[in-house]
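Note sheet for the following structure.
In order of appearance the chains are A, B, C and D, and numbering begins at 1 in each one.
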Amino acid sequence: MITVKRIFDPVHHFIELSTAEAQLLDQPVMQRLRRLRQLGLAYLAFPSAEHSRFTHALGALAMGSRAFDQLVAHGGDLFANAAAVAYQRRLVRAALLLHDIGHGPFSHSCETVLGIPHEARTTDLLALPELANAVAALDVDPADVLGLILGDPESRYPALRELVSGPNLDADRMDYLQRDAYFTGVATGRYDAEQLVASLRLYEPAGKLVVGIDRRGVVALESFVMARYMMFASVYFHHTTRMFEHVLHEVLHELWPDPAVLNPIEEFLRWDDLRVLNSLDDAHSAAARALRNRERVFAVAWEFNGERDLGAFEQCEAALSERFGKENVWADSQAQLLHRLPFGIGEERTVWVGGLGSQVVDAREASDLIAKLSREAYWRKLFVRRSSTGASTSSGQVAREARRICADVVARLGKLG
Amino acid sequence: MITVKRIFDPVHHFIELSTAEAQLLDQPVMQRLRRLRQLGLAYLAFPSAEHSRFTHALGALAMGSRAFDQLVAHGGDLFANAAAVAYQRRLVRAALLLHDIGHGPFSHSCETVLGIPHEARTTDLLALPELANAVAALDVDPADVLGLILGDPESRYPALRELVSGPNLDADRMDYLQRDAYFTGVATGRYDAEQLVASLRLYEPAGKLVVGIDRRGVVALESFVMARYMMFASVYFHHTTRMFEHVLHEVLHELWPDPAVLNPIEEFLRWDDLRVLNSLDDAHSAAARALRNRERVFAVAWEFNGERDLGAFEQCEAALSERFGKENVWADSQAQLLHRLPFGIGEERTVWVGGLGSQVVDAREASDLIAKLSREAYWRKLFVRRSSTGASTSSGQVAREARRICADVVARLGKLG
Amino acid sequence: MITVKRIFDPVHHFIELSTAEAQLLDQPVMQRLRRLRQLGLAYLAFPSAEHSRFTHALGALAMGSRAFDQLVAHGGDLFANAAAVAYQRRLVRAALLLHDIGHGPFSHSCETVLGIPHEARTTDLLALPELANAVAALDVDPADVLGLILGDPESRYPALRELVSGPNLDADRMDYLQRDAYFTGVATGRYDAEQLVASLRLYEPAGKLVVGIDRRGVVALESFVMARYMMFASVYFHHTTRMFEHVLHEVLHELWPDPAVLNPIEEFLRWDDLRVLNSLDDAHSAAARALRNRERVFAVAWEFNGERDLGAFEQCEAALSERFGKENVWADSQAQLLHRLPFGIGEERTVWVGGLGSQVVDAREASDLIAKLSREAYWRKLFVRRSSTGASTSSGQVAREARRICADVVARLGKLG
Amino acid sequence: MITVKRIFDPVHHFIELSTAEAQLLDQPVMQRLRRLRQLGLAYLAFPSAEHSRFTHALGALAMGSRAFDQLVAHGGDLFANAAAVAYQRRLVRAALLLHDIGHGPFSHSCETVLGIPHEARTTDLLALPELANAVAALDVDPADVLGLILGDPESRYPALRELVSGPNLDADRMDYLQRDAYFTGVATGRYDAEQLVASLRLYEPAGKLVVGIDRRGVVALESFVMARYMMFASVYFHHTTRMFEHVLHEVLHELWPDPAVLNPIEEFLRWDDLRVLNSLDDAHSAAARALRNRERVFAVAWEFNGERDLGAFEQCEAALSERFGKENVWADSQAQLLHRLPFGIGEERTVWVGGLGSQVVDAREASDLIAKLSREAYWRKLFVRRSSTGASTSSGQVAREARRICADVVARLGKLG
């Protein structure tokens, strides 16, 4: 019998680890993930979104294992060799546990400011002797682990690579959608994970092995696509989250005027969300204080979400810039996010559905809903700096004036968004 | 303090009734609702969908009360008279408790076969002395109750009428979507009822009082529209449910050769789902036996869900009719259901959203998702009678052949649905 | 790959069946379970408790499979033979699917009135050619199936026997507790099924193989014991349920004056809850009408739940009998139920816990909570027939007087229950 | 219509605030609560228990408002004055929002080390001009707020005082039990909050106004008592949590050698959990490193939970002390926690239940379960410092030896715990 550790988790009830996996968790590199929040600054819009990348790493391992077991159960000859199956299972679990270790504080903001992608950090970190030993104890090849995390197109394990870092049916996303919905309290972000996992199958639509779903899982896939949509609309692109991420950029430039400061891996590891937030206390800039105390630096002037609104968007931006100055207006677009909306533009980013006839079909053919949700999205937000007209005007007046300017444009064009 | 009865309910935790309401429940007309299933024959596809209209009536009362209280809390002058508010609250509760009493066994099938709409039955039933007395004990005018149930356009209470029998934000639907999702186990049918109710407001977009939602409730409304979509796709239009409803029609004609048999209200009241199912045991037709023992009379040949599939649908129907005979092919379409898909075609069927500027806007403008889901739907299913080619062919062979015929058509047209 | 059927279920999300299992479901003997309610008359106290034994049979299969897989995963040498494991898995699934087929309408009431235990019916039913063929198609020995259902102490599969018909950790109970909690809406009846199943282990405390739990599952076991307690207190021993079960006895005697009437197996199979309820409509007795229309025949006078109350209980019963006549007073006790309370009196009915040291220990030693809940229970209820004093007194007056008589006794003894 | 802010919360769906309440949230004193974890170090045992006192403050406000509204709805003459009711509602909300502001980092540990109770801090903080102004803007008397938070026995609002800081039915506990269960993932910590709140009533058992429950809420109260029990057993007294709290004490002494250092309120406000954790990085002690990286300093040797185990506990402690040295053995007892177990020893700490007759009764009389759970608890844990025998023995060997020593004692005494 294998000695295992069982960890409570609200999303997956509990998660079981082997002894070696539990020892890997004890590494400071892994413990550091407790000090990186999964959703960065979103807790300023959704107070309870305080969950860390540590819990997500465990959750991704849990989802990945279930997905893998399902592929094996239905994979027939592809998984005939029991030893190879056991190796691949250890491998996919290790890769998912480690997939986020390269993230700096507030991950994407940090990458932009410092110019080092988290993939490069992952490579460096896996080379650290302590971590390398802990990975070796899992009885997997560190190079295979790295290949899965980085999404190496030459990986010997294309199906595992999709589970770890694929564009749609990856365990990373399968966990974070559930987790983010659970911790923000956005009920509509839930999807039917049980059915989705039970429907996973391997297909070879063009001679290439891909992870797809069986036709009985189309409703579950619809719920998954829908959850991405709802979480994008409600959380990831929420105006308060976006505003503070914009402020954070300024703060990070101020905190690290020299981008090279975090280059040494030891220094990089010392930094996490907590240290940044704590450092703001000693910083003197208005932006730092604003972030620490949740002072709203910008007011949202208008939000747009249809193609028909593009003209109104441009005219509003122009009108606001004229009134408040270009430097005080910020136009945000869904294209600036890593979370992609809509689902599956282009064939290589779709999900293949089998069991409908002799061939596999594109999910947009199998589902009216997915076809509709896959149509192009045009989401924009306009913000105005509350302090933009100086001391003579209150912050509330700026917000109201900006809003009225946009309302006038929109009314004139006969559209409302 | 009001003496109340508290009833456990899995969807709303528990439901509280006044003494008079509890006594109304004791009426045989209300107890009969325990013997009508909310989803008719859907339990043949979703085994646990065994819930009755009785529990739904209680749930509709619960949702309606919460919705009404919310309108009052935000309704300002419209609800200045405390006595009038108390009266309207009793009224909306009574109407929702009673709104389904006119349904016969397997409601819509029964209506079609017997030719008496359930609205007419409701009028007759409310005139029964025992029930009239029980309603009078609630201290409401029975004529007002009937007006709300029948959706009288001249009702003195237009907002209440929308809550009871409106096309979108009615308490009937607010309960049954949650309830059907709960009892079928279709997780994706849930919506954010808490937020939706908290967002309800009264508006007067064209000088006419309507129930709409505040802009902070747009995400909740999206989840509501989405839940309708998912329940339609998964449950209401499920091929097994639809097939047995088709069989039921034959059985009811056989059971009641004379449509006048249920005209006397006493006879009508004796009939319920249980009695019909029980009567099948003594019936001798193949259809009756099939329904009782869940023998699949038809095989589903193909399902279509996009406008692009209309051509394929017609060619498949022709090919199947040629092979199996017109009388053995059944073409089902979403237009044949009472549950409407998509949401809100036409202005009078939309939901109005306020708080976005100086005016209220159509939900399809306020939400990219609702706009996308409101596009026309083209859902079709083709069935073939399993016994259609006689004893020489097995039921499984008919199904496979029908399926192959359609697959060939679809492949030739280069489409798959 | 195995062709499977996937069935939605709200408790277990969905349940997968092999082709042969799905065909077994198509048997009229199985379909009949749709017409037997899992909780009999409890829907008169908990309106939504309308779920059938059919859904429970599927759920028991689901829990049993998970429990079995867990025992195998940790069972080492005991499950070294892959073919034997596969056989046992088919066997435990078949037995759980079929374990309730012998129940008549309102099961235990029916048994008492007709004098034929459901175990005997099960034996007869499994001998029916159609059913025997369907069981044979599952590739299991019908004698093994019967042995598990009847709890044969000589069964070759003692661990499976515990899963099917054991006193504590059986899949039957694991499903029905969850299911009854789900459908009644009694939130406190839920337990942590995930953890409980993951903790199942085989032990040999006295050279005999038993199903027990690992020490990490003690909290889950506590929640399981607690759920039994809460469901007993809230649902199974609810005064309304019990009252109508008492009335049902009278009705069944009236319906079947000759207990031999259901002896022929064909006649037995024609009877189900629906037919009984339907027959009440044509019956003329007051009891039949009461049951059909939920008229409360008895009033609950007082409820007792501690050892200290035994004296008060006896004095109240005497006082009520004196006032209303012995024949109009009904004393109910928890001993009259099949659902046992408390948990685990006596060594052979406990759960063994391993992993705490070198030996397995009794759950009452491992858990303070279980020790406390295992203490003897003394639950009693006193009812009075509402019509007991004739037309001169209203039903409400009888209830109030009975209650006052008991209150006086209790006050005199200085106890309140 | 009142302008309100609506905040998503996973436990209560969403929480609505008035404009003035939302502005109070913007105060740095309130934002600081985001940097204090509700469960301190419990996240080292339950990774996702990362929720802050900020979200708990909002949740307590939500529960308190619902509880208050319920008392008003059933309170009759006690709440005849609408203006007074409105005032009390604002008051109870303000007090619950502010009830935790006086907590230092890791609250109770901080109090012990620095010697300043959080109540004194609360008094000082409410006197800060900025906060005093924000409270004044709520239109409540700050002295009333303070009285409720401190549990002033002379408060003019005894019922509100119970809701804010009472021993049983307080909104603080009503929220944190649900919240801690939700965020740890300990499913068994949930209770039926809907029913509990709906059952709240005011009683005057001895001429003194108290918050109690109606008899229909006994099952809900049982679930509440049970949830306290389960959360205590699973989370609050978890050996890993307790061990790290013990280590934290050492670390705080080291961090603040002079207990006066946090006396100035400005300095106090600068400290939070994040700053402490961050400071550990620069500290050099083994304890600081252990806490940061979750190195287990102690091994749990044995756990005891019954009165019968007291002898074994003492003998084990003596044996461990002899082997490893008194300074390396730590005996923990449930008496050292603020979370009290069991429920309701002594009359003034019970819950009163009404509606059972003419008088209110002690919950231990109304419920067999509560009576059983209220019996004295005897929970103990023994820990040994892993480094206790120096470099010659590995940490794992110490743990195993300690465990064996205890197992021998227990076996000799014929008891197992």
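Remarks
As a working rule, a residue touches a chain if its C-beta (ideal position, glycine included) is under 8 Å from a C-beta of that chain, and two chains touch if they have at least 3 such contacts.
Every value quoted in this text rests on a predicted model; they were computed, and no experiment measured them.
Least step count on the touch graph, subunit A to subunit C: 1. The chain with its CA mean position farthest from that of subunit A is C. Centres computed as Cα averages put subunit B at a distance of 47 Å from subunit D.
Measuring from the averaged C-alpha position of subunit B to that of subunit C gives a distance of 33 Å. The centroid of the Cα atoms in subunit C and the matching centroid in subunit D are 38 Å apart. Chain contacts: subunit A has residues 13-14, 186-187, 192, 195 touching two or more partner chains. On the side of subunit A, the complex with subunit C involves touching residues 1, 6, 13-14, 16, 74, 76, 192, 194-195, 198, 216.
Touching subunit C in their complex are the following residues of subunit B: 7-11, 13-14, 26, 28, 31, 34-35, 43, 46-48, 50-52, 54-55, 58, 182-187, 270, 274-275, 277-278, 281, 292-295.
By the touch criterion given at the top, residues 186-188, 190-192, 195, 219-220, 222-223, 226, 229-230, 233-234, 305-306, 356-359, 361, 365-369, 371-373, 375, 377-379, 407, 410-411, 415-417 of subunit D touch subunit C in their complex.
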